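Two complexes follow with chain A in common, the first pairing it with chain B and the second with chain C.
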Partner chain A sequence: MQRNKIWNLLVPILSILLAFVIGMIIILCLGSNPFQAIGYLVKGAFGSRTNLANTVVRSMPLIFTGLCTCFAYRCGVFNLGGEGQFLCGSMAAITVALLIGKSGWWVTLIAIFAGTVAGGVWGLLPGILKTWRGLNELITTIMFNYVATLFMGYLYTTALREGSVPQTAPVPEATEIGRIFPGLRITWGIVVALVVGIAMWYFLFYTSKGFQLRAVGLNPTACRFNGLSVKRYMLAAFVISGAVAGLGGACDILGTQFRLISGYGSGYGFDGVAIALIAQLNPIATMIVAYFFAVLRVGSTTMQVGTGVPTSVVDIIQALVIIFAVAGTAAMHLPQIRSYLQTLGEKKEAN
Partner chain B sequence: MEEILRMEHISKQFGDFYANRDITFGVRKGEVHTLLGENGAGKSTLMNVLVGLYQPTAGRILINGKPVRIESPAQAVRLGIGMVHQHFMLIEAMTVLQNIILGDTRDKGLFIQHEERKQEIVALSQKYGLDVDPDAKITDISVGAQQRVEILKALFRGAEILVLDEPTAVLTDIEVEKLYAIIDRLKGEGKSIVFISHKMREVLHVSDRITILRAGKAVCTLDADKTDGRELASLMIGRELSESNYKKIESEQEPVIELVDVDYNKSSKHNGLNGITLKVRRGEIVGVAGVDGNGQSQLAQIVTGVICAESGEVVLKGRKVSHVTAADFIAQNVSHIPEDRNRMGLIGDMTVEENLLLKSTQKCEFCEAGGWRLKKKAMKAYTDEMRDKYDIRCRSGEQEIRSLSGGNQQKVILARELEAQPDLLVAVHPTRGLDIGATRYVRDAMVAARDKGCAVLLISADFDEVLQLSDRIVVMFEGRIMGEYPGENPPVQAISYAMTGK
Partner chain C sequence: MNWSTISEVLISAVRMATPLLFVALAELFSERAGLVNIGLDGLMSFGALVGFLVCYWTGNPFLGVLCGALGGVLVNMIYAFCTVTLGAQQIVYGMAINIFAPALASFIYRIVFGVSSTLAQATLMKTVAIPVLKDIPFIGKLLFDQTPMVYGVYLLVIVTAIYFNRTKSGLNYKAVGEYPKAAETMGINVVLHKYVACMICGFLAGMGGAYLTTCYVNTYSDGIVAGRGFIALAAVIFGRWSSSGVLIACLLFGFFDALQLRLQVGTDLIPYQLFQMIPYVMTLVALTIFGSRISGPKSNGKPYFREER
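Right, the complex of A and B next:
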């Protein structure tokens, strides 16, 4: 069994290395020195305290959406609505923060709570559609993303608009989530993200309900025969994964972005899906992969400035990681490869 | 009469297991030749060899006297062999016409000559009395019509030999009559038909000749007008009374479960129950004999709470139950060894340990703080104990259950279900696919459970198993109970006859 775990770790690492090799070839074809480019990438991400802090800031929303996907998929629910749930969290949080009119830490708490609930409700709706009417959640959750995005447009252009630019008023300063270190943009939101991740990991692998939830995800028929309420678990997975994304949205708007503008949050949901899949649905690994994604994003800007290699090369690397990781994981399930690994292992044991 | 198709000494081996062993089988032009046999007798394997899905381990196939190698279904089509599968291979969103011409290579050009194809199909359907509307969508037509589309599809591709795999299983009585008429027309036009079935009545009605398969071997070939159901039944089941190694008991204790006039999906003969009345007492094994697909699955699911009876009474431990779930039955100490262990019993990607504890992680032995903390050590210790007690052979409790052999998987289920100290154990095909050692183990365990006072409902398509283990035997046919017989010195002839619906 140790062997299996090693392979689970090896597949994503190999995919990342392979993706980087191909990325470097592309950089070479663009006429730049790939090692120099990677050097800039690393420097951009880790070169200074500020840069390092930026990677952490960038990773926070990705951790939330990654965990959102991770939790839902563990229960066999393919929630692609992380983005919509994230946005609902942001919208609810900023609306509450602006409407209360006063400011203070207690407003922050209420706003975060509102964001979490809003995300959960946005997850509940497709959940109800699936468990009651059998609608495919792949489609409904994507549709709900559009609804959330468009509603956000209504908020920043009309309802909560401030001034001539289409954007909302900022969150009052006293309501913002505080920074951990003075001078760095890292907020307590990252701590919330880590706590949620660890709690999710503990729940899935160390509690009875988490165990049953994973069982439902792997074989709902067997669970029905063994007396588990499959629908209830699925619905719970929708709500909780939505709430996690919503909490992320609240932390992001109250700690990092402060106002809703056009294009806010775009891509977080699908990045989250990619992250969770590369992490093979392990919450701890999800947090690590999310950080890796953030490093790529932050580093790529420096790379572009330093060498003229466009940031889209990093998008390519990121896409390749996803392809290789998913293909690699799928390949591990092929019977031929399984039996080959089995014989490989047995030979080692025999020696 | 000349034989259009001849399969000579066909053997098909999977590992050490012979699905077909030295079968010789011939079909004449213009005849209906039935392959009769129980589930697992090797009918489907033989036909899969014929249509090129499997390569035979030994033997050869001759068509019109010439030896051929059939390497793919496409080649089988070219040789004039058409198969109508039990589960139709149709695309529901497309029309009849589109389904029939799908994969056809008559149109060499870029465009399909729809009108021409349609006329050909209409002509073909009139010739054989296969009335279907070529422009109707598959979703909109009845199951019988879908079957006619499948037959048309085969004929359109030039089939001379038609294989019909259990064609009546999905049809209503009226549609069955229609199918018989179509078969007659096809015969009249000189087509040959291989009819696969395990139902005596229709086989006698429709066939010219019958070949009986049993345990992968061809028992004999008979002319349909020179035999009767009784002979066919005993040839198909082929068992004399085998000495039971287990002591039979007549239990007088209170019933654990009682069904009174229970109906479920009554109109279906093969997936429904019709007026079932049944009692299982403490300390007895009631065996349900019958050919697979006569409502046994539904019976098992009703007595374990997976589905609810549509009418009638289900009385569990003296209390009438109405709207229930499997969880309610489990809470009442009902255990279930389901028919399909991989789909219904186990979670393949989880470990031996997790599967063993699937129902019990909420118990205080294995968790604390109301389920918020699992006692991993206790779980591991329990798994090791179970591995010893039930002789589950695996490298460790952390091994994925998927990688275990069928026998060991079944032992995991057995351990999980019996350790719950059930009052009622429902076991469906508990030894299907197991080797002799594991079979023996499972059977001993069920008898031991009975001796401890558990009520056991054994549902099995293995007639021998029912005879060996049951204290009482009931026979199911088309959703009904055909009769009840004692487990001590059971009247084997009468029972096997009842299994065929007489």
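Right, the complex of A and C next:
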């Protein structure tokens, strides 16, 4: 058991290292100095107070979409719709904020609530299609993502457009989510993210409902025979994971982005999936990996300016991490490797 | 809407259905061997890039399509190794491909053309009209005045149907997806079949992607695939895992895509985004009505371990 835990920790760390080595080889092939590039990346992420704050700001939406994936997958629901649910949260929040106008903190609360509900509803739809018609959520959630993205396009080009540029008006200043430290862009949204993450961790691993939810994910047939309503748990997983993503969207638009523009939120959903998979569906680890992703993203901009290496090298490194991490975890479960590890352990005990 | 508009929409529907059909057939071959591959979008985007680059450098779209297909095979081998040999979860790996391949494609594009560059354009594949047949009114223009890729894909549908239903090898292939253990005891090499399935899947999906950049538009941009891989996935379910069903499904989805393009031009009153939603919404509607509770190959999505009891 103890050894398993060590391997569970070691596999992602080795994957990250291996992915970085390959990333550095790619940089070397492009004719840049990889150590210099990594130096720029670190400087860009941790070089100053502002940069450090930016990594925290950048990690906030990723934590939410990562937790969204994490919760759904624990119940055996492959929700790929984090992006659509996130966008629905942002759209609902900004619509409420703009309609009510500048009136203070209670509008912020209503807007956040609206965002959470919108995300939950957007998660509920594929949930209904799955439990009622047996439709594969992998396909339906992706379709709903495209619908949400296009609807956002409608909002910023037509319905809520302001001026000649296709974008919405900014959220009124009075309804913005407050900043924790003056001068830095970190908002209370990050606190919300951490609270949600810890609550999710507690719920999944220390409550009986959370245990049942995970049981449904591991073996739905056994759960049905034990009298659990599998459908109800799956629907709940859809709604809650959608609501978490929606809450993230609301916090992001009210605290960081302030207006809907073209390309807003794109990639957050799949990043969330990658993060949750690397974190092996553990909420606490999800938050750590999300921060790591944010560091890569913020640092890579400085790296691009400094060395001319495109930021998309970071995307490749990220993808390699998940390829290695999942392959490593799967390999650990192969009968041959398992027995090898066992003999290794026995030898140690014999000594 | 008059006669010429309708025929225009139908011609464009055939054109839009072609990439879907390539990719849906790719998925059909994969799932018939028990491998659910949701990484189609990723395979397509890599195929699209390779196809575009080769076409841009050599000016030969056919070479582009071939290389795009080989690129798809290359990327799908990662999936094959991890799911078949290591027994990793197929859904998770498909997702990994979906994240990895577009990132790689966009990275290579930026390396080749620089971070901020003007739009590079390549030559498009020309249509080849089949003499005599093309002069049949209405149908002639619709079916016999297209690119060779279109003819190729319809030929492929027929070949696939014959292979799976009329040949011994095809039945063996299907057995791998239905009950691999029984297949193995009958002397069928399951692992080999699964690897071959991944090669075919990568090849066809890469081809579908390359079609987008060699026959449909003459540029490459990130997100050019726009979820077509997932629509193809839906087409396989909708078409009930048969090549004729897949053909009908793809033509239907292609029609919705063509329709939304046509409608966008038509009006100013309704925002164009609502039309753009049509293919996605109709995929959902079609699945809701027809696609429920039909199970595909029995061992679809399950890892196979030879030694396992």
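Everything below uses one rule, namely that the second predicted complex is superposed on the first by the 350 of 351 C-alpha atoms of A that agree within 3 Å, B and C clash if a C-alpha of one lies under 4 Å from a C-alpha of the other, contacts with A are read in each partner's own complex, and residues count from 1 in each chain.
Keep in mind that, in the parts below, a contact is a pair of C-beta atoms (placed from the backbone, for glycine too) under 8 Å apart; a residue touches a chain by one contact, two chains touch by 3 or more.
No experiment lies behind these values; they were computed from the predicted model shown.
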Original post:
Sharing chain A, do chain B and chain C clash or fit in the superposition?
Top reply: clash
Subject >> Partner chain(s) touched by A:G306 [first = chain B, second = chain C, both, neither] >> reply: neither
**OP:** Kindly classify A:S229 by the partners it touches after superposition: chain B alone (first), chain C alone (second), both, or neither?
**Re:** first
Original post:
After superposition on the shared chain, which partner residues are touched by A:P170: those of chain B (first), chain C (second), both, or neither?
Top reply: neither
Original post:
Can A:G39 be said to touch chain B (first), chain C (second), both, or neither?
Top reply: neither
Original post:
So, does A:T221 touch the first partner chain B, the second partner chain C, both, or neither?
Top reply: first
**OP:** Would you check which partner chain A:L30 touches, where first means chain B only, second means chain C only, and both and neither mean what they say?
**Re:** second
**OP:** Have a look at where A:K209 lands relative to chain B and chain C in the superposition and call it first, second, both or neither.
**Re:** first
Original post:
Counting residues of chain A in contact, which comes out ahead: chain B or chain C?
Top reply: C
**OP:** Can you tell which stretch of chain B bumps into chain C once we superpose, 57-65, 93-101 or 111-119?
**Re:** 93-101
Subject >> Residues on chain A lying within both footprints (that of chain B and that of chain C) >> reply: none
**OP:** Flag every residue of chain A that touches chain B in the complex, lowest number first.
**Re:** 1, 4, 206-209, 211-212, 214-215, 218-219, 221-229
Subject >> Residues on chain C engaged by chain A in the complex (per definition of touch) >> reply: 38, 78, 82, 86-89, 91-93, 95-96, 98-100, 103-104, 106-107, 110-111, 115, 226-227, 230-231, 233-234, 237, 271, 273-274, 276-277, 280-281, 283-284, 287-288, 291-293, 305, 307-308
Subject >> Residue numbers on chain A that touch chain C, as the complex places them >> reply: 30, 78, 80, 129, 133-136, 138-140, 142-147, 150-151, 153-154, 157-158, 270, 273-274, 277, 304, 308, 310, 312-313, 315-316, 318-320, 322-323, 326-327, 329-331, 333-335
Original post:
In the complex formed with chain A, which residues of chain B make contact?
Top reply: 304-306, 325-331, 336, 338, 343-351, 354, 357-359, 361-362, 366-367, 371-374, 376, 395-396, 398-400
